[in-house]
Amino acid sequence: MKLLILNGPNLNLVGTRNPKVYGNTSLDQYLENLKKSYDFEKYQSNTEGEIINKLQDSEKENFGGIILNAGGYTHTSVAIADAIEAIAVPVLEVHISNIFSREEFRNKSLIAPHCIGHISGFGLLSYELAIKAFLSISQQV
Amino acid sequence: MKLLILNGPNLNLVGTRNPKVYGNTSLDQYLENLKKSYDFEKYQSNTEGEIINKLQDSEKENFGGIILNAGGYTHTSVAIADAIEAIAVPVLEVHISNIFSREEFRNKSLIAPHCIGHISGFGLLSYELAIKAFLSISQQV
Amino acid sequence: MKLLILNGPNLNLVGTRNPKVYGNTSLDQYLENLKKSYDFEKYQSNTEGEIINKLQDSEKENFGGIILNAGGYTHTSVAIADAIEAIAVPVLEVHISNIFSREEFRNKSLIAPHCIGHISGFGLLSYELAIKAFLSISQQV
Amino acid sequence: MKLLILNGPNLNLVGTRNPKVYGNTSLDQYLENLKKSYDFEKYQSNTEGEIINKLQDSEKENFGGIILNAGGYTHTSVAIADAIEAIAVPVLEVHISNIFSREEFRNKSLIAPHCIGHISGFGLLSYELAIKAFLSISQQV
Amino acid sequence: MKLLILNGPNLNLVGTRNPKVYGNTSLDQYLENLKKSYDFEKYQSNTEGEIINKLQDSEKENFGGIILNAGGYTHTSVAIADAIEAIAVPVLEVHISNIFSREEFRNKSLIAPHCIGHISGFGLLSYELAIKAFLSISQQV
Amino acid sequence: MKLLILNGPNLNLVGTRNPKVYGNTSLDQYLENLKKSYDFEKYQSNTEGEIINKLQDSEKENFGGIILNAGGYTHTSVAIADAIEAIAVPVLEVHISNIFSREEFRNKSLIAPHCIGHISGFGLLSYELAIKAFLSISQQV
Amino acid sequence: MKLLILNGPNLNLVGTRNPKVYGNTSLDQYLENLKKSYDFEKYQSNTEGEIINKLQDSEKENFGGIILNAGGYTHTSVAIADAIEAIAVPVLEVHISNIFSREEFRNKSLIAPHCIGHISGFGLLSYELAIKAFLSISQQV
Amino acid sequence: MKLLILNGPNLNLVGTRNPKVYGNTSLDQYLENLKKSYDFEKYQSNTEGEIINKLQDSEKENFGGIILNAGGYTHTSVAIADAIEAIAVPVLEVHISNIFSREEFRNKSLIAPHCIGHISGFGLLSYELAIKAFLSISQQV
Amino acid sequence: MKLLILNGPNLNLVGTRNPKVYGNTSLDQYLENLKKSYDFEKYQSNTEGEIINKLQDSEKENFGGIILNAGGYTHTSVAIADAIEAIAVPVLEVHISNIFSREEFRNKSLIAPHCIGHISGFGLLSYELAIKAFLSISQQV
Amino acid sequence: MKLLILNGPNLNLVGTRNPKVYGNTSLDQYLENLKKSYDFEKYQSNTEGEIINKLQDSEKENFGGIILNAGGYTHTSVAIADAIEAIAVPVLEVHISNIFSREEFRNKSLIAPHCIGHISGFGLLSYELAIKAFLSISQQV
Amino acid sequence: MKLLILNGPNLNLVGTRNPKVYGNTSLDQYLENLKKSYDFEKYQSNTEGEIINKLQDSEKENFGGIILNAGGYTHTSVAIADAIEAIAVPVLEVHISNIFSREEFRNKSLIAPHCIGHISGFGLLSYELAIKAFLSISQQV
Amino acid sequence: MKLLILNGPNLNLVGTRNPKVYGNTSLDQYLENLKKSYDFEKYQSNTEGEIINKLQDSEKENFGGIILNAGGYTHTSVAIADAIEAIAVPVLEVHISNIFSREEFRNKSLIAPHCIGHISGFGLLSYELAIKAFLSISQQV
């Protein structure tokens, strides 16, 4: 199963920004390192429409699952939520920080209702847990 | 009068997505077929900024009217609403489904106050009714 | 297909009231004129219960569709909404003005979720567009 | 100047209902007595549509002013508010009790924004004060 | 004790409308059948004002109790609530369906605070239980 | 059909507490007296979890129906609502007082959507009416 | 009966400020003129505490009634409302403009529940109507 | 690292209740099976206070981590949230279903802000992913 | 006068938990020490129902007053509030921390309206002040 | 330790106003009497700004603590709250009545988050308890 | 152009209060120093009414512009907002701190809609920027 | 210090759009003219993601400060707010119009809490004031 790790706005800055919340390792280094153990592609964009484009293309690019951290768009984008609902590839919502213990507007995820599952709060480890989740699901079937 | 049919995020998927809500015909096929009877251009984008760009360019591209289905941006985009208010070309709001009978956040259209009219709920037929509305308005003047 | 144009409270005053919002032509003159081109009956009442009675009677009066402008009851009447839901004849919601650009309490239509479509903001022309919509739907089937 | 005193639902019961709030004299006796000193007609109905009909007819019945106690419809009727806004005859809002010191839903008057003035809380005397207000206004002009 | 069963808007359609919610038997047949076992009169109207008139007349028509299903007016009518509060005859609120498991706006009953009791959710059987409640109360006194 | 009357917090105090609201007879005496006419078991607990335990055990204890007055937990317990939804035994919601005419937080019942019916406001008589309701339902089937 | 006309913040500017809302005559000139026909004292202050002081002193200054236009404090001052409730002298609330047709925060009067009556919207005439109201009340007793 | 899997109200019914939401396998069977691969204890209670007791005892029982599915108490229990905050043992929040796609009151988790992470929506597999998360965390340190 | 100090969930942890908010001394040590100067019994439970049981038993256990710190149940328990209202023994609400300067959901106390007084924010000293309050009240009578 | 008892608007009327809520003794008499047992100064003003002035002067007047009953300003004054936060002298919030069992707008204290503690509901005794609290705190240090 | 720098409650304490938010320099020293470079008068009061008096007097004192930091009254005073609207002298709103990054009730400025501009968050420098703004505006004209 | 003036959606239309609100000069002409006096770069985009990209690139492009007018994204973009928070370059929020006197949804700025200051309402002059603010800050350090 080919997986896509799809990151939204500002996640390219992780490791520089807000170390108390996100830690010091850059997300990019972490994912490169993770590639040694697991097979996946990664894509990051700051633009809402490009994230939607990537979600829409996932089927013809033969992805079996998508791990999505939509960053700030998690709380504002009806359009990304609609895209997740529209495509057949299952999407798993991931967050580095515990979105429930930050500002109130981060408590509400517009995309959550259309995702197959939600993993958050484990720092960068959240991504590895998400990969393991997809592997467990595929073994289960 | 040259018309522009401007479609927002995920409307390129209509015909595959949510057949219960949007039906089985692809929007693109439908519009191609409609071109046999009426004269218009069409444009679709998943990116909020590109929709704004297209709205802003409408005047110098000599469009006499715009039929806009802003998709998920209907409910979240102050910037598209500002663009509609800023340009001189009249904009008509269209929706395939009845946005009032779906999730509550779809009840509120940010762009509606700046549009000359609103047609929704007739399936793909909504587009043809919108063209007829523009023709009736231009005959009336 | 016999159509019923059903108008609610104060629509008998259109043409006298609020010319900035509704224009100068009386709705009655407009509809009489429209009868030259299309076949329909019209009924107006200021009383919520009489509008419900008329909706309930529509089936045995053999109407194929109802074009309803419920006026001020649009925003307050659960009972009219229940009647629309209860009957088999399809109802199409029409408004002369753009209800989305007026007072906030006019943004919410209680009847919209039970109607087959919604046309608003085109002035009196909204009624003719509604007739065309019914004709298009019947041709389509 | 011919005045109309227009009373809404349940005001025919005043004198029997809630003596703590409305007192013991029947509104009808009070108004009959008031007719000895002032010239006005009176009309009462429990039906929202009939109150709208009466408001709409006021112009051709040559009323110079309307004193309206809309009872429970004060807080729920967009349609009566629309009628007041639509007609040329000035309407003065009257309430027997202090609507601000009762249940919270009685704090909001939908008709108030369209009335020339508001008198409430003086018991049945509110009606006489309203007549005096109309007389003062006409003397002023 | 003479009872009045007073039904509001659209309850004349029960048996045709929404069979999943209200069942297939018409309310009228059911009540006719119930008359074989119990003594009561019945009245139905789609008009808010006529329901208020009937409530106001109940005393001089010598009713000992009223079983009221106000339909859609349950959630919007301050005027009916005021009428119930104003009259001496006790009113018992009845609903066929479980109003708490439907749309949120049906959760709130404006008339409930002024009724002696509330029975809902038992289908048409709710009416018979309401009659039994009145009989039990009168035996108790 | 064996019935269970299940009472929640503070209902063991009825007869001592708030006589204006609940009357002077103790609920326990009332139910003991009622046992002369009907066949049922009764259980009272002040602990949310014990009420859930009892609901869960109802099936293997062969109850055919449960009459539940959840007291203060009516308005706060998602867990009891979940238990009612989870079990096969039908639950009927009962209240001694009219919960709609008391504090606003008592207007909302979390358990109502999962109950087969709702009887409230008849004082202790509410319990007998609930038993009669179960008997009527079982005769009907 | 000695009356006090008590005006709050910015009412000393009436006649200069917002002519569309308040007219061109200064309130002071108007009241001086009114003194030719009626007997009253007047007091104006921009300070919340001084208005409270004046209300508290009204009893020992032998005022029989107070006509209060609390200006902007109408919508924000719990302390003035408490003062009105605390004193024995009756207070009548007056406003020059129709507070219901302006900004939403002006719809709510904190002092209204403690006043014997409310007169608003008649321009400066509101003050004379308030004096007439006090005279009518005293005649009535 | 000894783990505790702590389940709240009604989770003992999983496998019987709402198969569409929770599936057909009983949670107990699933966990028993999981014990073959991982080392943990399990505890279930329907009582809020007993869950708090267990959380408080976790330190002296030498648990290195707690996997908590608080069921319906997730959305209502400030007291359980306080307990999680008070103890030193890390707590991981788990849900079988996607709480974001069910009733709105299930969108809000009171305990989430005090948990180290959140895993939901994977069915019973959520528990195994939670164990893996704890193992990954302990390896990381 | 025999007093009961009744503590709710997690108060057995005070001294270990959140030293910034609650300080370092354990509540139990503090109360044991306080017993040298004052006469009272103490009881702590994490279970809502057991707190209600204890409140209900207070009368037959001859307590003259109850000092209640309901912990997290302060903000969620209608049932404890009902119990306080139902019993004759006066209850005094106590909190260690200033509940008004913490999370917003801690601003609202459901039990406060039924208590004779409220003391909060003085750390453990709040308990001694509460005892002194009861002594002052009893001396006063 | 020199204490200041600082009273806000209308507290000079206590003993005359609302005897059901505040009792019959005047606050001034009570405090004069209390001076026989304790050492403090007192100050009352109806003006928000004068209360702020007094709070700001407290440091150079060498007060060791302030007992503040801000009356109606408790619920509306951000400026008094800011003053309390700005000064070094500790402030203790006091209320005569139980502010939680009165109108809802009295439930929220803007000043509470900046006070060292809160005592309310004990009638005039609240002041003596507040003095005792300050004495206990100073002994403790 | 003569300018007035008008400061509201507690701004006389700046430099002592909350150094993290407002810095260590006293506002008074800062303004005295600023007088070396610019020509303006300054006035500070803790009393809402005195601020209104000063605003009203600004015209006859020949001020060409007012720089207003209304402190805590920014968020609560309709009366100051009315005064700004009523006078002809332009008012510029200034804040030392970023009011948008503090408590939520500080996000809303009642006076902002009536000011010609808003400068906030630059510390004491905000005042100098406001003077420069007035100079730029006057040069522009 | 090199400054970046970063403009969001529709600001390229200023001078054509809404002259009452934004004036007649085009923003581009104004900024070109301003370049004669000050040193800065300018960038405008209608796309949320491109604004984020530009913000993220500001550090490596050696900007010392950013003047941001985010247009309609001011009120909807969590992602832009996150970007501002993430970068080290200080951002100053600017608006041409007074956002507080327009539609309510424009009252709330999501980006304000992360900016060093806020200047709005001075028309195009707001940009020059922002430049002056940066110069003053850099001189101050």
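Chains here go by letter, A, B, C, D, E, F, G, H, I, J, K and L, matching the order in which they are written, and residues are numbered from 1 within each.
In this section, a residue touches a chain if its C-beta (ideal position, glycine included) is under 8 Å from a C-beta of that chain, and two chains touch if they have at least 3 such contacts.
Treat the numbers as computed from the prediction; the structure is a model and nothing was measured.
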Those chains that touch chain K and also touch chain B are L
By C-beta contact count, I-J versus C-E, the higher one is I-J
Interface repeat test, E-F vs I-J, J-K or C-E, passes over-half contact pair overlap for I-J
Cα centroid separation, chain G vs chain I, in Å, comes to 47
Between the Cα centroids of chain F and chain H the separation in whole angstrom comes to 31
Whole-angstrom distance, CA centroid of chain G to CA centroid of chain H, is 62
Residues in chain G with touches to at least two other chains are numbered 47-50, 76
Interface with chain B, chain C side, in the complex: residues 98, 100-101, 107-109, 112-122, 125-126, 128-129, 132-133, 136-137, 140
Chain E contacts chain D in the complex at 47-50, 52-53, 56, 76-83, 85-87
Within their complex, chain E touches chain C through residues 8-10, 12-13, 16-18, 45-50, 71-73, 75-76, 105-106
